[in-house]
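Letters A, B, C and D mark the chains in the order given here, with residues in each chain numbered from 1 onward.
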Amino acid sequence: QGGKEAAASDGRPTIRLLTDATGIDDKSFNAAAWRGIVEYYGDTVEKPANRGKLYDVVTAQTQDMYIPNLRQASDEGYDLIMVTGFTWADALSEVAPQYPDQKYTIVDVDWVGQPNVMEFIYSEEQGSFLVGLAAALQAKEDGIQNPRFGFIGGVPGATITKFEMGYVQGIRSVFPNAQIYDYYANDWGKPELAKAQAKNWYDMGVYCIFSAAGGTGNGTIAQAKEYRNQGKNVWAIGVDSDQYADGIYTGTKSAVLTSMLKRVENSSLMVLKAVADGSFSGGVVQMGMADDGVGYSTANPELSANVVKLVDAAKADINSGKIKIFKTYREALAAGAAPAGLAALDD
Amino acid sequence: MSMIWGMLPSVLMIVAPILITAIGGMICEKAGVVNIALEGLMAIGACTAAAAHVLMEGSGMPHSLSLFLALTMGLVVGGLFSLVHALAAINLNADQTISGTGINLLANGVTIFASQILFSADRTREFRMGMQTDALGIYPTAYIAIAVVVLSWFLLYKIPFGVHLRACGEHPGAAESVGINVKKMRYFAVVASGVLAGLAGGCVVLTQTIQYTSNTINGRGFIALAAVSFGRWRPLGVTGAALLFGTAQAFAIIANNIPALRVLPTEVFNILPYVVTLAALVLFSGKNYAPSAAGKAYEKGAS
Amino acid sequence: MNNITKTFPGVVANDKVILQVKHQEIHALLGENGAGKSTLMSILFGSYSADSGSILLDGKPVEIKNPNVATSLGIGMVHQHFKLVQNYTVTENIVLGVEPTKGRLLDMKRARERVEALSSQYALKVDPDSLVEDITVGQQQRVEILKTLYRNANIIIFDEPTAVLTPQEIDELMEILKKLRSEGKTIVLITHKLKEIKEVCDRCTVLRRGRCIGTVDVQDVSEQDLAEMMVGRAVKFEIDKPEQQAGRVMLSLQHLQVADISGALRVKDLSLDVHEGEIVGIAGVDGNGQSELLGAITGLLPLSGGSILLDGTSIGNLSIRQRIEKGLGYIPEDRKKYGVVGEFSIAENTALKNYYRDTYRKRFGILDFEAMNQEAENLIAQFDIRSAEGAKTNAGSLSGGNQQKVIVAREISLSPKVLVVAQPTRGLDVGAIEYIRKRIIAERAKGRAILLVSFELDEIMNLCDRIATISKGSIVAVNKQHEVTEYEIGLMMAGSKKEAAR
Amino acid sequence: MKLSRQKFIQSDGAVSVMVVVLGFLVGTVLVALVGKNPLNMYKALFQALSGYNIDNGRMNVRYIAETLNYSVPFILCGLSMGFAKRVGLFNIGGEGQYIMGMTIAQAIALLGPRIPVMHWMFAMVGAVLIGSLWGGVVGILKAKYEVSEVVSTIMLNYVALYLSRIICLQLPGATTYKTANFPETALIGNAFFQKITNNSLLNNGIFMMVGAVLVYWFIMEKTSLGYGMRATGFNKDAARASGIPVVKSISISMAISGAFAGLAGGIVALGSFKYGRVLSGMDNYGFDGIAVALVGNCTALGTTLAGLLFGLLKNAQALMQGKQIPKEITFIIQGLIVIFIALRSALKLYQEYLDKKQLQKEVGV
């Protein structure tokens, strides 16, 4: 079962996805990577017909399983092994040189530097800029005076800081002096904290909250749903995948105004195609907005057409370099693009 | 100050499930059975309630009816699983911590396994709308918790049933000799703790998040267990203990919003509730308030 | 009760026992420890169900499945070990299980009134609002009696009610029994005290090793006859105790003050000397500071004041182990709790106090289990300890008497200068009692200073050279054994000075 | 026949084996119920046990080595739980002790003197010491202030988790998820093992684990210290009355108990990783150790075997998933085994029932 031995006769490559403990239902990069894989083989997530034949997934319960799981997958002769998230970087750096003929790919990392590893990194700050911009424009459209905004992070660190900085700069491009609160729950799995903080902020008059906090972020969405359902004009912003559906509270009405999209599925598709046509090579692939790596969701019908138009316009400016987005708090602060006193950390 | 008052509904949201579970644990220990499976039972209740709500809501059932039935099912399944503990602890004189540990482990697997069967995913599908707050911004869970506290107090101290139940935890031999069916009482208590833990699990998912994941309960059952002894096995004491935990959690958020406190590492506030509890336990140590027969198997007729 | 048979794992507790009790009589049930008396009565009371046999009440067969049925049939029981919830009040305990209610709510006011009424009707004085843990054993017994009366029992079973009472309290109890009989109650009295049977009982049934030996009219038999029926052979009541000269002071208690765990002062300014080669008895009703006194001497409880000298050195502040090393031996009252480790073998139990010394300890703290076993085998032979697998038998599987022998063997083998002995024969059968008492007297002959605490006046009178009577934590008087009567001691136990008693 | 049945019921080992078999049986049924082939589960288990892949006939010793390596923290945390349980305490704090051990080992690895061998030894000693401190505190609170060890260990688990973050974030090169790489001198990898096991993670930790098992057995069964502790565990009052320093016994035993878990943390930190982790959640070895000890009946040998079983299940997880068997089945099997262990007391009741029946027959009821 699995592995090269079972490769399809049509020459499609085999792949194993390795994930951390959260698994492929994390609504984040694991889910997206899986979605891309499934799509490549013409299956759907609900009915992965070729699972176990051409592709499969293994979830590591603890981090000390990363290296053994990588080696095990390498033994089984898959054409490609995919891992997601920077926590896998060290394990991959260790294993990849030992299996020089095995192809690997990793998402969110650009420092493995092995000839048999294709590395994908995403410009999260660009997508985050867009959702910040969208939220600010929507607030303006709603006629809100001095709207305030919130950001909830999981565990602080450089990656999450990219999200926060992009978001902050997006807002500030509309309201240069907008008040922006931030909060790090220090945990990826405590929605109650995000929910309590979100309620607190919404009560204070915050208009929109963007959370990049894994399962913790579910609390924000839950709170936004409740308040919208009660008729309050507040929003949550989804992250990684399009969380429009998660935010639906009635009919097609969703409390998720938009989502910062990080299309890891594109990495899956790209790398699988590269393996199939023999163009696979090691090195870093930067997935920016221009490459459709990041973006924002327009699924919510309440996101006004005008806002969409303006945000799409900004996209062009980002691509052309007219809008410059800082990735670190240090830089953003120095350039005056972010307010002082945020809890973001650069390492 | 207004910020702290504003946090009250959130504090209640966090406290309510812990309190409900702790009251269940208290009743159980009052009857002489220690239940360290609270954590697992909460998980089972949470998973059941979330799954049921998703499925019923999706079938077009009225929202509040669906919520009600979901909670009920969480409560029933929690109660059913607690029967395992009851059987082991009451009929078979098993070591009560062992069967509790077993249920906790089992719950890890069973909830996810069930989600895979129902939703082909490691978690339940997300529901549309959980519980709603009232005009004061307070969830029904807070009222459920208050009702549970009052009811438990009434049950344990105001009617003969409670006197009988407590006697089973203090001196089962005495209870047996006056015709109280110790096994039945203990069964009631264990199942009550399972039911309340299941209910509380449902309360957690339906107020704090949008779906059940393996991380949803996240130690709350153990905190409830601690609240039982910290609260000295009295409804009011347990309420106080649960409130302390909830408030300390909220304090981490409040501290975040006060610039002066932001210089401290967040972890300091994360640690706070646990350190406070430890300190309080040392400070108020001395007399042992635990029911004297708690944790010991009772063999009929033994004196 | 007809042909009642009841087995426990490993024991036939009742073997086709027949018991017939008449209306309004006081019927004694006599037998050694373990004869099956409690078991038989537990069957009558529904706590156990018999393996076979039948019960007839007023000629009609009844099936007593549980205590509830017994209660509804008018059968009540005062258990050997009181069945009282310690942190409930007297009233709560009495009404437990049949609480008066108003609607569905507890009506403690009415309960209290009922208790007070019953308590004055039968002259059973108790404070209805006290917690049971705060009242004396005698009072607890009254609570137990009130429990049966509250349930309108017509047949009341008393399981060894006098074991824990002072002679005066026993007299009171006998009066209560007679009063109950005159009020129309039928009473079954379990005891192995022949005097009591002669005093109040009408008829007596004797059990031995689970079998029914016979039923007799008490008037027709002597105490000696009853004793022989009970034991199955001729018995001697007194033990030989040669006169012996006491030596120098070995244990000296000076102005002891001891508080119990809740902080209440239970021993007040107590002073007492014990000499080499003498047995000093502490007579008193349970709960008058004996446990605290024992705790203070052995080191289980801290001293609040005063000092303890052992052979001249102060041991009051030493650890328990240091006291043992200085030559203090202790045979505790509660052998299961303080005496043996049930899951340990006999060998591990006999080494419990000196396992860490060079006898059993080799290099690196390794224990010499071989030596332990050998020593234990010696003791087993020497002390006639009956066990299934010799030194390797788990102590928990031994009978009570043999567990006690293990403890006695351990303590005596350590050759202590002072031996503190508490209730050494409680719950043992006649053979074991004789044996243990002989060993204690043998220790006296070796010149040990022995302090004996017992609630059984018989035992005190039989064994001691001097008797110190304790009441409310203080010594009322110290008397030579032959200069005082049981009756006088009884009065002093109740608190009056000896002079007053005369 | 009758005798052998009695022997069986009384033999803890035999019953444990039966319980494990039962757990697997139920697990098998569950797998079949969800439409998967249970045979695949056993193939995965067999491969994790023997290194032999039945499907393609390939042999790879690395799987055996990984099973062993995973079992190291299970066994050590099992010993931690078991040691406390033998003294009558329920140590739910293995996780916290493990985390603290891990943390200190990481700190010493990054800050300690880079002397070969000495360096990692220092780190391990540090892990053991902090573990014993973390456990010892519980013992002292219990012995001196009667604070329930169940409550205090639960509290200390969380304190450890967050304290570990605070400490690790201060270490050189720390980001919010990892520190700088450890110097070579701090690692406990074993080149020989790597060579013969196809680069498994098996490391010198296994020697420490074996040492710990021996120490456990030696202290418990052979020494006067262990004797005093067992006496305390079985009957605290009798032990105290016999002069055994109970407060000391309890404190020391919790300290030793914590030392085992601390060592587990140190071994995982320096054996399975080349950098320090800044934890954001728990590894759960400490909690699983509870189950390991219970399955192993708290004896040295039993705990070792139970730990190996848990290591096997863990190593089989990935192999099972590769065959589309959900890994949760391993948790279910573990939980069932522990529950069946609890039900073991039923066998004792059954034995008593048989004895009684026998006696009744003799008496002729």
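Here is the rule we go by: a contact is a pair of C-beta atoms (placed from the backbone, for glycine too) under 8 Å apart; a residue touches a chain by one contact, two chains touch by 3 or more.
Note that the coordinates shown come from a computational prediction; the quantities given were computed from them, not determined experimentally.
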Steps needed, at minimum, to go from subunit A to subunit D via contacts: 1
From subunit B, which chain is the farthest off, judged by mean CA positions? C
Looking only at C-beta pairs that count as contacts, which pair of chains has more of them, B-D or A-B? B-D
For subunit B and subunit D, let me know how many angstrom lie between their CA-based centres, rounded off. 27
Rounded to the nearest Å, the gap separating the Cα centres of subunit A and subunit B is 35
Whole-Å gap between the CA centroids of subunit B and subunit C: 44
Touching two or more other chains, which residues of subunit B qualify? 267, 270
Please set out, as single numbers or ranges, the residues of subunit C touching at least two other chains. none
Subunit D, residues touching no fewer than two other chains: 165
Set of all touching chain pairs, with the criterion as stated earlier: A-B, A-D, B-C, B-D, C-D
Flag every residue of subunit D that touches subunit B in the complex, lowest number first. 30, 34, 90, 92, 141, 145-148, 150-152, 154-156, 158-159, 162-163, 165-166, 169, 288, 290-291, 294, 326, 328-346, 348-349
If we count contacts the way the header does, which residues on subunit C are in touch with subunit D in the complex? 5, 7-12, 15, 51-52, 298, 300, 319-324, 330, 332, 337-344, 348, 352-353, 355-356, 360-361, 364-367
Of all residues in subunit D, which touch subunit C in the complex? 222-225, 227-228, 230-231, 234-235, 237-245, 352, 355-356, 359-360, 363, 365
List the residues on subunit B that touch subunit A in their complex, please. 3, 6-7, 9-11, 13-14, 120-123, 126, 128-130, 132-133, 137, 204, 208-211, 213, 215, 218, 249-250, 252-253, 256-257, 259, 262, 266-267, 270
Listed in rising order, the residues of subunit B that touch subunit D in the complex are 36, 84, 87-88, 91-95, 97-99, 101-110, 112-113, 116-117, 219, 222-223, 225-226, 229-230, 265, 267-268, 270-271, 273-275, 277-278, 281-282, 285-286, 288, 290, 297
